[in-house]
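One structure, pasted below without further comment.
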């Protein structure tokens, strides 16, 4: 190859590699103001050890980053990894790490660091989605300073998505061997001061790997996170806050901007599938109750216009949702006559039965109670806090459970709850169905997305046949943003720092 | 004591009568269904269909308030009764047995009194689950010590009284002396205390409901109504103002009644824990 | 005389310590009798399977017998180690220390402001017996009886923070202190007023004047002790109400205080935190009661000499 054309090739390759970031830089509006402190009130922070964090995560991502990241459209993209290759039908992954990524203590991230994090999760963490995935990992090898090879026992479709929650920290972080008390990550902000359940402050990381970012000096999280967020936003206590769907009009009227998370929370009504009562074991009774639900009114109540009716766990017009299943939903409209007829056929006199309903302390559960009452049943409604509800559900002495489940990084995380030994299956009645386990297992180890989709939909059809749970609809959680906040965009999940958005790109306009 | 000729207006009794009447009407089903939701009519102001407007579920506020009168008052009354019977009953039994049993029982009452009532209520509600019965139990427990101390102080006072000694001399057992002579005297003090505790029970129930640890969520006790209304205070200010005012007036009425009863009995303030 | 005082103080201290230990004991067992523990919190958020939960339980020592757990806790507590929060893995003592200043400021602020306000109002009502000061006392009394502090709190938030935008909601102590001090003032003003009126009517003042005492001496020897006695006899009740009110205010205004901390801890079954929080609150009440008792004994001799 002639030298000049080689050089040309090299140059154009370099330019193409740099293009995404160059595009960003040129898109940077000239009026960006640097500095300032952003106050956010979303979810809480339960631990200073990112690997041990469970549940929805909205704070950690600002100081801890991962190899992959879920983009706004729900697709997984490389993040700390520059690119990756999937080999051997999904049994081997090669990650090419980004060069020049600096930890908060100044040291550059290498493949050895990433390997150490993988090993830590494998050896020290016994809870969470990742520990299940890590069990399938047979080896983690570093081939060079910036290349990592991971081999799995068998193909695991959710792997890349789940890696968006495998945090890469510096092994010299204090507490690495036990519980980390001060994590050193690579994120745009550093782990500052943490007052549990109160406040978390994160000052800017000056050597962040994305050039020119972040714009802000500091991000402060209000960790109390409860129903007062709307008021805090209005009073000017916070700039960005998670707000109830019924407060949106009021906020808009006062000049606030409303954004929704790109993925939705899924609303459903579960039956007790572990120890159903005699009454509830009768499929006609389940069908009757499902027929009494006015899905449109329910979702309207939950989220106004942002509420979408659907009978599937993934929301309409996404890859893992199926139009024909939706069309054929016989519970799309409420049908009280059919419900009453079914109860008659089953020889059930609703007035003589009391149904036990368990829920969290929210409003929509009261709507469900009222809808079921229409059939003539008596209702004993226990509305409890997280733990109380969990405990009561786990005893399986109940009949109905109206709940919702938040956005997840991967479709698998929705289906995992239907497994016989899945995490927290009680919200779905504690399903123990070997056939279903098999169907989900097929989807998880599918060789390509099409097969995975088929697998998941088969599993869902099975669940509908057995009437384990009734899918009601989807509603995206709403975030209120003060007008002086610029460049802030919500993501697919609660993450505040992603490949294509987040607080790194946010800045405050002086008023 | 200063002699003040206070013209005793009858308004507290009148208010209670009205509340009892409305509560009864609600209980008998003469009002709109306080649980009926109407999504077309959420957070509305007063109208001919809904005299006080609706809440965020479209439930008629007026009928909820009236049902709430019955519920709130019965919970408070139940709790007060439980505190009276439990507190005074246990205390009297302990006093009659005497000795270390009495000391132990009163140490427990002492402990109960030092723990902040809302936290005690919260702990009990969390342990036993929501529901009317558990609320009554929790609130009753927090007020039981007050009755215990009154009962024990009265017992000590009466025991030394002349007639008690005379009765014992005449051969009556401790129990019959207590029953026939002491109880009528103690009862007066206890009833007055009950009248004083009642409004506090109402307030405590409201706070517990407000904090989310009261009765079942759609049960319209005033605390719950206020908690729900506080979230929508801007859209429907009346739905917050009216329950708050009703609660305030009721508490006031009950307090006034208690206050007058106390004056009539010429009772001292609640004595401190036994030394 | 000295030995009597010493023995008395020893007895008092012993009783207090016993109360505290007893409270700790009772709370320990009570909180563990509440169904559900911290691992259920993780299960609730969907990240623990049943087998993982068992493992976490034993890691945290929650599967040991209750007595065993108490033994572990008490030995540590006596060495000053209050343990780690089960939920956040941070030192309980540190969390409490962070929360303490807020609660103390709120309680002390409300107490001082309330007593001053109530006292002032009572004095004014006494000095000008006809008209509005007297009515003010009555009004304040009614206010503190009828209006629960959480109601006022909600309304204050709406008015001052939303409509008027004068104050932020979270973290400010001004509004809660005002609300609570009105409550305290209301409990104190009327009894004080009645006591002061009583004194004037009983003619002490005339006698004292006749004896040639100046105004300040009258206040000092006659009025203050009686006023103090009234306040102290109410102290127990006032303080008890104040603790409850502080908790409510901490929740409504999102303050990081001991009450709010304990409240969240109970819901999260965070045993070490609940233990420390409730014990601290109970200790505070015990100490306050004891101080009130001692104060009333100290005041008493003065009273007796006057009568």
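By letter and in written order, the chains are A, B and C; residue numbering begins at 1 in each of them.
In the analysis below, a contact is a pair of C-beta atoms (placed from the backbone, for glycine too) under 8 Å apart; a residue touches a chain by one contact, two chains touch by 3 or more.
Small disclaimer: the values here were computed from a predicted structure and weren't measured.
Participant: Name the graph shape formed by the protein chains and their touching pairs; answer line, ring, star, complete or other.
Facilitator: Topology of touching chains reads as complete, every chain touching all others.
Participant: A-C versus A-B: which interface comes out with more C-beta contact pairs?
Facilitator: A-C
Participant: Using CA atom averages as chain centres, what separation in Å is found between chain B and chain C?
Facilitator: That gives a centre separation of 22 Å.
Participant: Can you check how far apart chain A and chain C are, centre to centre, with Cα atoms defining each centre and the answer in Å?
Facilitator: Each chain reduced to its C-alpha mean, chain A and chain C end up 42 Å apart.
Participant: Quick check: how many Å separate the C-alpha centres of chain A and chain B?
Facilitator: 46
Participant: For chain A, what residues touch not just one other chain but two or more?
Facilitator: Residues 385, 388 of chain A touch two or more partner chains.
Participant: Among all residues of chain C, which ones touch two or more of the remaining chains?
Facilitator: 35, 162, 267
Participant: Touching at least two other chains at once: which residues of chain B meet that condition?
Facilitator: Touching at least two other chains: 126, 234.
Participant: Flag every residue of chain C that touches chain B in the complex, lowest number first.
Facilitator: Going by the criterion above, the answer is residues 19, 22-23, 26, 30-31, 33-35, 142, 145-148, 150-151, 154-155, 158, 162, 194, 197-198, 201, 233-234, 236-237, 240, 243-244, 247-248, 251, 259, 262-263, 266-267, 278, 281-282, 285-286, 289, 293.
Participant: Considering only the defined contacts, which chain A positions touch chain C in the complex?
Facilitator: Interface residues on chain A, with respect to chain C: 46-49, 54-56, 126-129, 131, 179, 181, 194-199, 222, 224, 228, 231-232, 234-237, 385-391, 394, 405, 417, 421-424, 426-427.
Participant: Can you list the chain A residues touching chain B in their complex?
Facilitator: My answer: residues 227, 244, 246, 250, 297, 300-301, 361, 363, 365-367, 369-370, 373, 380-385, 388, 392.
Participant: Taking the complex as given, what residues does chain B use to touch chain C?
Facilitator: Against chain C, the touching part of chain B is residues 1-2, 107, 110-111, 113-119, 122-123, 126-127, 199, 203, 206-207, 210-211, 226, 230, 233-234, 240, 244, 247-249, 251-252, 255, 269-270, 272-273.
Participant: So in the complex, which bits of chain B are touching chain A?
Facilitator: So the residues of chain B in touch with chain A come to 35-37, 39, 56-57, 126, 129-130, 212, 216-218, 231-232, 234-235.
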